[in-house]
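Below: one structure, written as structure tokens.
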Amino acid sequence: MSNVVLFTIITLSTIGAASAIILYFVAQKFKVFEDPRIDMVEQALPLANCGGCGYAGCRNFAEAVVKSDSFDGLYCPVGGNETMKTLAALLGREAVEQEATVAVVRCSGSPQHRPRTNHYDGAKSCTIAHSLYIGESGCPHGCLGYGECVDACDFDAIYMNPETGLPEVIDDKCTACGACVKACPRNIIELRKKNPKDRKIFVSCINEEKGAVARKNCAVACIGCGKCVKVCPYDAITMEKNLAYIDPVKCRLCRKCVVECPTNAILEIGFPPRKEKPIVTEDSEGSGLNLS
Amino acid sequence: MEYILIIISSVFVSNIVLAQFLGICPFIGVSNKVETSIGMTGAVTFVIVLATVITYMVYTFILIPLGIEFARTITFILIIAALVQLVEIILKKVSPTMYQALGIFLPLITTNCAVLGLAVLAVQKDMNLVQSTVFAFGNALGFGLALITFAGIREQLDLLNIPKPMRGAPIALIVAGMLALAFMGFSGIV
Amino acid sequence: MLNPKDSEKLNMAKKESTFGNMLMALLIISLVSSTTLGFVYEFTKEPIRMVEINKTNAAIQAVVPPFDNQPAVESYKVASDLDSLRFYPAKMKGVVVGTAVETYTKKGFSGLIKLMIGLAPDGSIIDISVLEHQETPGLGDKIDKAKSDFSLQFQGKNPAEFKLIVKKDRGDVDAITASTISSRAYCDAVKRAYDAYMSTLVKNQ
Amino acid sequence: MSIFTVSPSPHVHSGQSVPRLMYGVVIALLPALAVSVFYFGIGMIIITAVSVISCVLFEFLFQKYLLKNPSTHLDGSAALTGLLLAFCLPANLPWWMVAIGALVSIGIAKMTFGGLGNNIFNPALVGRVFLFISFPAAMTSYPKPGQWWEYMDATTGATPLGIMSESLANNMPVSEIMAGMPSNLDLFLGKMLGSAGEVAAFALLLGLVYLLWKKIISWHIPVSILLTVIIFTGALSLGNPEKYPSPLFHLLTGGLLLGAIFMATDYVTSPMTVKGMIIYGIGIGVITILIRTFGAYPEGVQFAILLMNGFTPLINKYVKPKRFGEVKHG
Amino acid sequence: MLKTFTLGGVHPEENKFSSHKKIEVLPVPPVVTIPLSQHIGAPAKVLVNKGDRVKIGQVIAESGGFVSANIHSSVSGTVLKVEAFPDSTGYRRMSVQIQSEGDEWVDGVDLSTDLKKDFDFSSEEIIQKIIASGLVGLGGATFPSHVKLSIPQGKKAEYLIVNAVECEPYLTADHSLMLEKGEEIMVGTRIMMKALKVEKAIFGIENNKPDAIELMSRLAEREKGITVVALKVKYPQGGEKQLVQALINREVPSGALPIDVGVVAFNVGSIYAAYQAVQKNKPLIERVVTVTGKSVKNPSNFLTRIGTPVQALIDAVGGLPEDTGKVVNGGPMMGKAISSLDVPVVKGSSGILVIPDTEANRHETENCIRCSKCVSACPMGLEPYLLMSLAEREYFGRMETEKVMDCMECGSCSYTCPSSRPLLDYIRLGKGNVTQIIRARKN
Amino acid sequence: MDANSGKSIEHKGFIERIAEDSVVVRIISESACASCHAKGACTAADMQDKEIVVDGSTGNFKIGEMVNLVMEQSQGYKALLIGYVYPFLILFTTLLSANAAGINELGSGLLAVGMLPPYFIAVYYLRNKIRKNFNFSIRKID
Amino acid sequence: MNQWKNFTKGFLKDNPILVLILGTCPTLGTTTSGINGLSMGLATTFVLLGSNVFISLLKNFIPDKVRIPAFIVVIASFVTVVELVMKAYLPDLFNTLGLFIPLIVVNCIVLGRAEAFASKNNVFSSAVDGLGMGLGFAMALFLLGTIREILGAGSVLGHKFISGDGMLVFILAPGAFIALGYMIMLANQMKKKYIKD
């Protein structure tokens, strides 16, 4: 064996051992230990980084999941129950099932229904318009139509329908992350329980004004008449501040209220067409609007 | 004067990032905030200079006499890896609060090819110890200059409407390219 | 996505991190790798040395007439204006047929340019080759024989009558288009070698 | 009754608009264009036309097919970029190189960043430097003025700055070099070699007056650049007049005036505050002279402006306007 | 050289069409709608019910807090409704609607038009009278005046500044008031000086009102401590902080009040109203309103009862022009666009501006070209372009460090932007959010 | 801390432990790659846990909660000076002066590196003083 | 894991340069021509393959806390081997790649694969992983080198197809950055389009 080989061995081994010692102490001091489960949990997540779980990103959520002992308050809306089950299996815990939900836009005030009172020419932002002006109709609660919710959605699940000027949700794409709910300054969007075949029945209005005012401002407003409350066989409908609300959990999709509503404020979506025409034109006051 | 020329040359003329292609990962990935970049520059300067001094000495006074220059890479990397950690541990030991403040201030610690690259370059260029040290210092400054300028640009890009596909690394590289174009103007100054 | 089974792998038996264990592991790894490296080095040492010698020899051969000695071994240093230059005497049957001078300049467009210049005993240029440069590809790199005919104009010229200055500066050298700087630097290096060579002649007389 | 428009205040507007500003600059460039056509004839017309048309075309194509933004190709900014790009090219540059320059200006330097207002670096200058580095030979052989009908076959030579830096490198004294230079009057009138639009000092100054008069730009950037150059070169030349040419020579040659008046002032890439603009101007002045005096290139304005473009975000970050009611320290 | 403020400012077209029109008294409308919130601060608490009979000057709602003011009936008659009616924003706010019947005043009001020069009230008595009159600033901010008169402990006022700048284009209410009620305003000034216990008062008047400057200077010569200063025409010369700087070269620090540099400022209209309140016991039930616009047939200034629908004012100038695109309650720079002519005149309404449809819409918004014109225009030394992009990205924390709260919403930035960016819209959004952040931090 | 008094830096972290009058927050220092999904592909030193003790913090925090650690920017710079810049200056000036004084390479190199331990020992003895320069606070993430 | 997927992930999905953006320095520094890029890529591939195999062999022997220094030693040894062999048998290539050969040690991708993959998987998977990642790296380098060569020198693999020079800027630093920037952009778009998981 030549000198060089010998020197090499000696030098390298010394340096190797020295760094081993240093690094050993470093390791002692720093405990560079990332729970490997965090990586695994993260890998199991959809990695959309949408923030729907309430954490800053998927990794943060993964850390929270690994850190806490149960799944209380931890739910990834994008991955849904399936992902949560995977996580449960990974961590050896019980998954908490959460009802699947979907975003629902609760306003039907398209221009045909809502007489226009002005033309807004400010910044095209719902938040700004909302904070400075009532909007282009007399309704202080209805959709402003500048699509802030559309911009907020990371999943292209919501778009502005050019005909109605209102946002519409594509149920299949919606992950119920809630970004649009947060974005809407008027709190029009609600995450409601997802029913089979994407059926839903809901009051498509959040107007709390008195019936007469509401009606003047919008032909399809909830006027708080209370007929639906009476007709609902399951006590699913409540009336508060002149506004009916259908509890998505109690509602059994019987569709009785829909026919009853004098202003067609209750929408049914995803049902097969009825025999008789569902639209009961009770638009008596002659507000001069044509309901299509 | 010689040292000043070395510094000018390594900061402007052959900038470590923009002309020599070293330390690009942190350049692309980290330089999001100007304050952090300034912090990085300070930390990197110390680490690079210290590493260069030590590797230079090991090379000149151990490897060469023993005739095992070929073990340069492996020796250097081990020394550097240990050194970086050692600095951390010392800082933590001597003043935990200060160490914590650094932790909040600097989101990242320094290990990148710039440190090794410079250590290797310093011995490759046949410079003496002081020259190597000044060279390392100049390059650390050059790294800092590129990093800080770039962080400023990044902060501004964040407020602009960069097309989606370009965001992140692509635009960072293009900006780096244009900075490199601009830096070419310094050719021949030294 | 990972499946749950992966989690088991992580818990697989690993060596514990006791001090002794760690030291052992590292020592062994260092030992093995240094031994390997040592042998690889031994193995490649000769070829590497040959490569380097060949490079010098090739450079020398390229610029002087055939020789039968070992110029690399007989080389000597000659002081020049800044530093010293290495001279490689090429001998045929003990007679100096030419001297290869390793010269340099720092005035290149991108700094250092290293040349090997073959000088006939009378000081006229036999040939020149570029050892090292960082001039711009496509421009300054035309000083390289492989890239353009620039260096050919020096062949056979004696700097005593051939002014080693570019024509722009009222010399005799045709500069490379758009690369006057590199051309000037080239002349500078050649001139340094020539001057050093001439100084040895003067001294010898 | 028709419905009213509502919007938050204010309800009136100055009437200023992007196209008005951009075409204002184009107008300011017309005298220089006229002089350049006078000196460089058909060459100037070809490169200007190619540059302007391709800039506008590329802007249109990029927006239509890649960015899918509302189109702004007619707002004058692309045309202006094209015009300025042509101004800083030799009038005998092959047309396809001009088109490549336009592609780089608009495609890489502007549209990659999202179009008007988003770019960090001056598009025309990026285009120019890109060409300069890519085709150094073509970009450093300038046609002699007065050849009206020659384009690529025009006789070429070196610019005054080029001659100066060459000769200085040869240790010639300034006085001797100046003897072979055009007279100051010729320099002022633009009778010299150089990039197509940079030669005529008086026409560029005319443009400056117009821009200031129309309040399109403020004086801070051009004045701080020019003053810095004067002071810096003045000091050098006082120190050793045989080694460093006079401030007047520096002012009248090369792209200094074109850069200081039209390119450093580009809104998008220059600082936002008065203090910032002055720092920026000083930076450009200093770097220009550093490169001219010590660097490998005879001219440094293009690099100086690009470099300071790179520093502009930092300047904007740290140099804030004087706030009303700012508590005065000290 | 004329005095002016140093930072920023813009020069919109002045268009003061009604500047030499006499103040006409607008007939009392048949129905007035008086909102309960005509001042910044908490809404007033209503004191009347549907069907009640009220007299002119009767308190129908009382101050609902420290920064709040009383509200008086501006007509005599029957309360029709106490209900929410739309205000300029279109949102419905609680208001009292009164049907006008007859002309019955509450007791103690001196209805004569004689000039009553002398007064013998203490500072406290003056403030009490002003509280009773429901006076709020008529310069636009509608800040309850008595709050400004009650100097906080440890601070001292040195100057009373009378803001007669009227820098908003089109508006001439203050101008005409000065020409007609100069003597009364001088008395009012002395009253306010007494209330504030200051020796010095300065009138600031923009140089586009030479007759007013001349008249007020002449009147001021007779008074001790009152001076009149002509100011350069530059918007927003009338901004309180700008005015203070222009007149006495003191800068009100960021986040501080004028009183911190020893100044209290009042609008001339407020001064005149103070005269009415103290010398005549007349509460704030009417104000001068300019009705103007490029296509308005007969731009004029009207003494208008609070609560009068805008429609009545429009009718008085010859009806709504054909080409109306926008109607603004206030001036073009700071006023609020209204969507219906049923909106009532309130204490803060200094003018009704009718904008033709050719000018009613903003231009298309384009990318910011970073021309820095907004930065140069901002009188507060802010960077509106930056604030807007921060607001767009919801970086409200940074907006705070960039001093968004200093913005006084003068609109110079939006006015000047060549890309027609809605800078102020976004800045307001940011201010709203930053206010919330600050409030949350305090709790 | 008054947020208006200067610029502050924030860093996210998790509450690790809560003691009587202090809270321990764990932060992760990470490099570019640590936040991307190829995080595993970075040298270990590129990602570290650090524990920060925040004194005097009470408040209703719960373990595992994500919070913002807040520190004034100037303190960060101060730490930088003590931790990196001063030692660098010591190293650098010692080396230059030793060289100027004619000490050979080996000597000046060893001397320069040898100056560092005393410096850090000095810092160690001053650590309580230094400690007063730094204070952190925790802010809830809304 | 499916070995084919394991092998091909480095080509686009997890391409070290185009997607993970690691090892940028050698990428930019050595791609002045297609051949240079390819050689650098292959050298790196060799190191990757070797270290992956070795580390996965040793994984149970190395205690957790010293795994990083241990990995470094292994990697550095392979790098030195490459260095020596290249110097001996490919001296010209070694000169052009220069500094970047020793820098393979710090190429995040090498250590990264050791950390993330080889230390957790069996030898065969690790070999496949190393080879796949390495080839992905080499491919990207080759591509970038070729693009720069075509634009910058007007030649493909050293064969000139135009007379005269190309756009020099692409041979120099600015062009390297710009070309890589656009390449990464395109790769991301492609990844979005073609790879869903």
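In this document, chain identifiers A, B, C, D, E, F and G correspond to the written order of the chains, with residue numbering beginning at 1 in each.
Here is the rule we use: a residue touches a chain if its C-beta (ideal position, glycine included) is under 8 Å from a C-beta of that chain, and two chains touch if they have at least 3 such contacts.
Quick caveat: nothing in here was measured; it's all calculated off a predicted structure.
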(request) Would you pick out the chains that touch chain C and also touch chain G? (result) A, B, D
(request) Starting from the Cα centroid of chain E, hunt down the chain whose centroid lies farthest away. (result) C
(message) So the centre of each chain is just the mean of its C-alpha atoms; given that, what is the distance between chain A and chain G in Å?
(response) 43
(request) Could you tell me the distance, in whole angstrom, between the mean C-alpha positions of chain A and chain C? (result) 68
(request) For chain A and chain D, let me know how many angstrom lie between their CA-based centres, rounded off. (result) 51
(request) Could you put a whole-Å number on the gap between the CA centroids of chain B and chain E? (result) 60
(message) Show the residues in chain C shared as contacts by 2 or more other chains, in ascending order.
(response) 10, 17, 22, 26, 29-30, 33-34, 37, 41, 109, 136, 139, 181
(message) Can you list every residue of chain A that touches 2 or more other chains, as numbers and ranges?
(response) 4, 8, 11-12, 15-16, 19-20, 23-24, 27, 30, 117-118, 121-123, 128, 132-133
(request) Quick one: which residues in chain F touch 2 or more of the other chains? (result) 7, 32-33, 40, 43-45, 48
(request) Could you pull out which chain D residues touch chain B in their complex? (result) 66-67, 108-109, 112-114, 117-118, 120-121, 126, 129-130, 133, 287, 290-291, 294-297, 300, 302-304, 306-307, 309-311, 313-314, 316-317
(request) Would you tell me which residues of chain G are touching chain D in their complex? (result) 165-170, 172, 174, 178
(request) Flag every residue of chain D that touches chain E in the complex, lowest number first. (result) 1-14, 16-18, 20-21, 72, 75, 77, 114-118, 218, 267-274, 320-327
(message) Can you tell me which positions in chain B touch chain C when the two form their complex?
(response) 68, 70-71, 74, 187-188
(message) Under the stated contact criterion, what part of chain B meets chain A in this complex?
(response) 62-63, 66-68, 71, 74-75, 78-79, 81-82, 85-86, 88-89, 92-93
